[in-house]
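Each of the next two complexes has subunit A plus one more chain, namely subunit B in the first and subunit C in the second.
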Partner chain A sequence: MTAHDITLHAPDDGIAEGAELLRVDDVTLRFGGVTAIEDVSFNINKGEIRAIIGPNGAGKTSMLNVINGFYHPQEGTITFRGEKRRAMKTYEAAASGIARTFQNVALFTGMSTLDNIMSGRSLKMNKSFLAQMIYFGPARDEEIEHRRKVEEIIDFLEIAHIRRQPVGKLPYGLQKRVELGRALALEPDLLLLDEPMAGMNLEEKEDMSRFIIEVNETFGTTIALIEHDMGVVMDLADRVVVLDYGKKIADGAPAEVQANQAVIDAYLGVPH
Partner chain B sequence: MFYREAGQFKTNHKADQAIFPIFQDRVGLSMIVAVAFLVPMFGSDFFLNSIMIPFLIFSLAAIGLNILTGYCGQLSLGTGAFMGVGAYSCYKLVTIFPEVNILIHILLSGFFAAAVGCVFGLPSLRIKGLYLAITTLAAQFFLEWCFIRIRWLYNYNDSGAIEVPNSTLFGIGISGSQATPTARYYAVLAIVVLLTWIASNVIRGRIGRSWMMIRDMDIAAELMGIKPLNAKLSAFAMSSYYCGVAGALMVFMWLGAAEVESFNIDVSFQVLFMVIIGGLGSLIGCFMGAAFIWALPIIIRAFPGFIGLEIGAATVEHIASVVIGALIIAFLILEPHGFARLWQITKEKLRTWPFPYS
Partner chain C sequence: MADGGRTLDTFPKFLLRNAQSFADRPAMRHKDYGIWQSWTWAELLVEIRNYSLGLQQLGLKRGDKVAVVGDNRPALYWTFCAVQALGGVPIPVYADSVADEMVYVLQHAEVRFAVAQDQEQVDKLLSIKEQLPQLEHVIYDESRGLRDYEHTNLHSIAHLQEQGAAQMPGAEKAWLAEIDKGAGGDLSVMLYTSGTTGKPKGVMLSFDNLVISSINANRFDSFDETDEIIAYLPLAWVGDHIFSYGQSMTAGYCVCCPESPETVTENRREIAPTYFFAPPRVFEGLLTDMMVRMEDAGPLKQKMFHFFLGVANRVGERILNKESGGSAMDRLLYRIGDVLVYGPLKNRLGMSRMKVGYTAGEAIGPEIFRFYRSLGLNLKQLYGQTEASVYVTAQPDGEISADTVGTPSPDVEIEIADNGEVLYRSPGVFMGYYKNEEATRDTKSEDGWVKTGDAGFIDTDGHLRIIDRAKDVGKLNNGSMFPPKYIENKLKFFPNIKEAVAIGHGRDYCAVMLNIDLSPVANWAERNNIAYGSYQELANHPKVYEMMAQHVDQVNQDLASEERVAGAQVHRFLVLHKELDADDGELTRTMKVRRSLINERYEPLIEALYDGSTEKFVETEVTFEDGRKGKISATVKIEDAKVYATEAMKEAAE
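Up next, the complex of A and B:
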């Protein structure tokens, strides 16, 4: 199957390509006395690949957690598709079209690859409890309809051979791929990837980069990713935001950020 | 050799989604169901009454607990009490609407257990694991207290027990002292087959997946759009429904009369053992676990007499306890995931036999 046969796509939200999809305004997140994120503002435009980078402990993952409603910032606002929101449950974020993957794979280990990706379709399935009890009829039709979509994802990610295997037994690289598949099954508007290439070898990184670019181009999904591999970030990202100790220190095109003195200092340190 | 799926191609998703996509599995299941319906022709009344009927009833309770613990990951020690809710509400239904058929009452009584289960499931939204088990333990003791103190539940009779009136279906007695074990067995079997089929349908659909998502990784489940409230409470409701129906069956189709001791913490533990030994997250495991925990002690107790040994009843009882304890320990060391996993491994081996690496 080529990318052209894929019927999955980001929802049509009426936002033009390149217009603002999500804006983070002056967000501050504290855990007791620790300030994880301090007064950070940036935006993500429709259709772009936006990278969030920074040294360890900079608040990148916290930032993703704020965006998808897992943490609630003490100050600041998040505007998604022109709607301002502050405290939101994670399942509401999922319903509004935000999907994500985790730094340490968070798959449903007791379920097969197929069921894991099917689980991403949960929000789109709505047959009643009664229909599910009988199964034959509406519930089965719905199941098959979504199975088709899931098979598209399985083909796209080249994981057909592990369809029936429990994901707990899969090698790490494949687990990461299944997790991407599960997020894609939501057909999200905005896909948050938390270190999609951590712990991968060069070949796996190249595969993953290819998938990310294809998702962005063929599905039309906007992507925000955290990544430590600068080569990958510079190649993939349209724009990069740099965090250090919870503060934003740079924002712009990869080349600009690369030349920014504050960024170089944050990564390499400054002489005392 | 005979268990091969070679040549059984699936050309559409419908065929591939079937519960038993392999032809031999379908044949095997049909045979088991057929045998189950033929059992009364061969089995004695003792066999039906002391082994088969309670085995089926406990299997149903184990399915109930497995839905909650095995599929949704919420540990519960309140099974016995939820069974009691089913039994007492069935008794009240029979008292209030004596003209309605008993089978309908039994199926309805599960809904009362489901409602109570939902209430005691609410803490699961905040509490996890062993701590949740303790709150369900509170449910067990609270409900036991209710079964004693709320005299309305047993119609203010002095014994404090509930007794089963005679009732019929198509003119044949199916519960009470007039009913034959065969009639009761068929009533129980019909309900168990129906509810097992429903459980397997729910488990493989969206709701079953949402339970397993909560079990495996609740944070990720929420990020997929699952509301923990809906998933956990639906698991508590369905689990308690099954336990409630099992409790009603226990009194009305097996014991004939019951009091609060029939639903004490021992029953909760017994069902939990069935689920653990059978295999968490497996329906067939529920039946295997129930067979092991319920039928094995009876067989072991009968064994000395069978080979002609003269041992006192008390000694046999003690020996049985020791043997069963040792068997449970040995089994859990050899296969911690229960009979269901053992069954699965056997099938995997059979598929490739005699070429282990093909």
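Up next, the complex of A and C:
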């Protein structure tokens, strides 16, 4: 191993490339009288980039929240790595290898880039709070090991120059990148990205697309992303699921979905 | 010089010496994964030897040309030595050149191998491969993103090193014999000058040129193996080749490569190099950043800062030059200031250990120069050229002034031609331009004198002063002298002005086009509640025009006080709607203005400067970094400037 090798990769969970990693069956999510998601089923295969698209209010973010345990659906089941589950805490989802980023960046704005990404490793730290505080022996070795992983992420995302800067002062495009870094720090099996390119200019979008592809290829991480930029979706995604008013209206390869009349109607509107 | 029966006349031979004499001293550092990794000279030898053997196995032969494209990374410096050990010739290429620019150089140099830093550069090379039938192998340093590429003719440096290591120790003897075949008279490197006019020319430098120049320079400023430098300037530029390669190899000092181009300032602070070189724009940039940051500091800090800068301004330079004068009180205060302000400031700048700093390439603003010197930093000027292996003149310690470039460097002879052009002759004088006999003859005479193309004179202290490019000094229609760069530099000394282009040769009066410097102007706008949506809008803002008018006025007053150039005062000016950019060919890669091209591109604006109009609509084509083109349009305002009577004219009027 040379000094610059990358040691980051998704955990080996015994699921073969292309086999089903996660399945959503007949999920319905209601908030009082409002049905956010209605009877939606689809799956995500190991190693693919799966896009979830749809007009505003279609239930895309709710869907991600269901997957990572933030919302608990009233009906339906979620199967992750072959295990059926219904209600799960978000930290349990994280511990099982599901990481995510948010539509509106949710970082610790007063902390540096480095500390933000380091916080993504906290689930992987085994030493006691006290040992970490004294910073001695095994706790120190552990910290060094985690720091190495974090530095790999910093190098990978090309954010070395902002390592020590508080993230609150960074431009939006960079904050998004730091947030991706924090999610990667978990070395996730499944990475959920909620509009990773919202509000970015063309160059930033191209950079972000490159990172997403590389995460997928180099680390072997499965990715589910919500995105509005159709060009990006068509380029990145292996398969696309389309939601409209909480219902699934199409599912398939990008080209198929693009040609689907129901999808075109959902986006452009039809006379009622 | 001899070493173990070996005459030290090529860099690979110096490497062998260093690996023995300085075996455990650091040779190179590189910040990777947030930690400074280092190599000793003994380790460096192993890295380079294995790499070199790998290249040999790939078919690299004596005389082969190898392009090197990328930032300042250790492996790219190793490439120079690994290639030279086999008798090959490295050709560093500017990493930010777009593919089309690269084609010309690689075709002209007939490169068989190209070493690229990363995927970006590899992609660039692969995109032009069809136009380069001679290019056989592409070699890369960073493997990221390249995993799925077809690897028949694509190799990683690490892989070549593994292959080289596998041949050890059997291959060592033959490799050393190959090094011994090299001689001082051999071609060492080819550097393509970016050239303000025409196609780039390949300057051929021999080992003798570089080795002798490097040794002289080390002696001049007494550098040895304990010194450290940070490598951050383009590899393709002769300065970097001498400072980060030639002088390091000959003196044995340590070269530190930054983590990435964006982190140079921070990395410099961590390393605190003892030897620092930067073009004036870097010193200007550092000063501007510092001043902008001070604006945000608390009132106490601001007061202290300005008070002690005042003290430094009064006595700092005298103390540095070991001259007498200045009140005893000021001298005492300077010591206090050193603890409270100058020391922390130097630390922030990464200059707390700096023995010598050089600036060259362009004229530096006298205030900026004085500022750094008053802090106790030994900043000096030098004058050099690719064709001279850098050194033509340099300022010796204690003989420093902002407007000279120093006395001839060791072994350099200087003459001023009848037309005012500076000529020199030295051991560093280049062998010739590659495949361009005609240009060689035009520049270098039979007996070794080289024309610099710069007009200048030697002052009473024996120091050289440069006025302008010899061919750029023009005449206005009324016969007065028009030195464009002289005027432009005066304008550029204002932190708010990034670039200036003066026009006037063969015209009735002098006019200028200005580029604002976004960071100070944006900061100023923020403090003055000036709202703007884009660079273009800010540049065109009436308040910005007011500010620029003040600057132009100041320059006119300056010019009026100097008899020779008083006729060249600025009559009209405008602020350009876009930044002059190397991607559009408006600047060279070393950020010098390309006059002819600008005259062509902005012809409508130049006409408007002379036809009396107050605004002009223009459309300009721009090139993005990936080579795509687009258009931007704007209505540019043109304003008149006040012109002053010269001292002589005032007297005549009285």
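Note that in this section the second predicted complex is superposed on the first by the 265 of 272 C-alpha atoms of A that agree within 3 Å, B and C clash if a C-alpha of one lies under 4 Å from a C-alpha of the other, contacts with A are read in each partner's own complex, and residues count from 1 in each chain.
In this section, a contact is a pair of C-beta atoms (placed from the backbone, for glycine too) under 8 Å apart; a residue touches a chain by one contact, two chains touch by 3 or more.
The shown structure was predicted, so the numbers you read here are calculated from the model rather than taken from an experiment.
Between subunit B and subunit C, the partner in contact with more residues of subunit A is B.
Of the two partner chains, neither subunit B nor subunit C is touched by A:Lys247.
In the superposed pair of complexes, A:Glu143 makes contact with subunit B only, with no contact to subunit C.
By the touch criterion defined above, A:Tyr91 lies against subunit B but remains apart from subunit C after alignment on the C-alpha atoms of chain A.
Of the two partner chains, subunit B is the only one that A:Asp115 touches; subunit C does not reach it. In the superposition on chain A, A:Arg30 contacts neither subunit B nor subunit C.
By the touch criterion defined above, A:His161 lies against subunit C but remains apart from subunit B after alignment on the C-alpha atoms of chain A.
147-148, 151 are the residues of subunit A that lie in the contact sets of both subunit B and subunit C, per the superposition on chain A. Chain contact summary for the complex, subunit C toward subunit A: residues 32-35, 37, 142, 144-145, 147-148, 158, 259-260, 262-263, 266. Within the complex, the subunit A residues that touch subunit B are 68, 70, 89-91, 93-95, 99-100, 102, 106-111, 115, 118-120, 122-123, 125, 127, 129, 132-135, 139-140, 142-144, 147-148, 151, 182, 186. Touching subunit C in their complex are the following residues of subunit A: 2-4, 147-148, 151-152, 154-156, 158, 160-161, 163-164, 210, 214, 217-218. The part of subunit B that touches subunit A in the complex is made up of residues 13-14, 17, 198, 201-202, 204-207, 209-210, 212-213, 215-217, 219-227, 234, 281.
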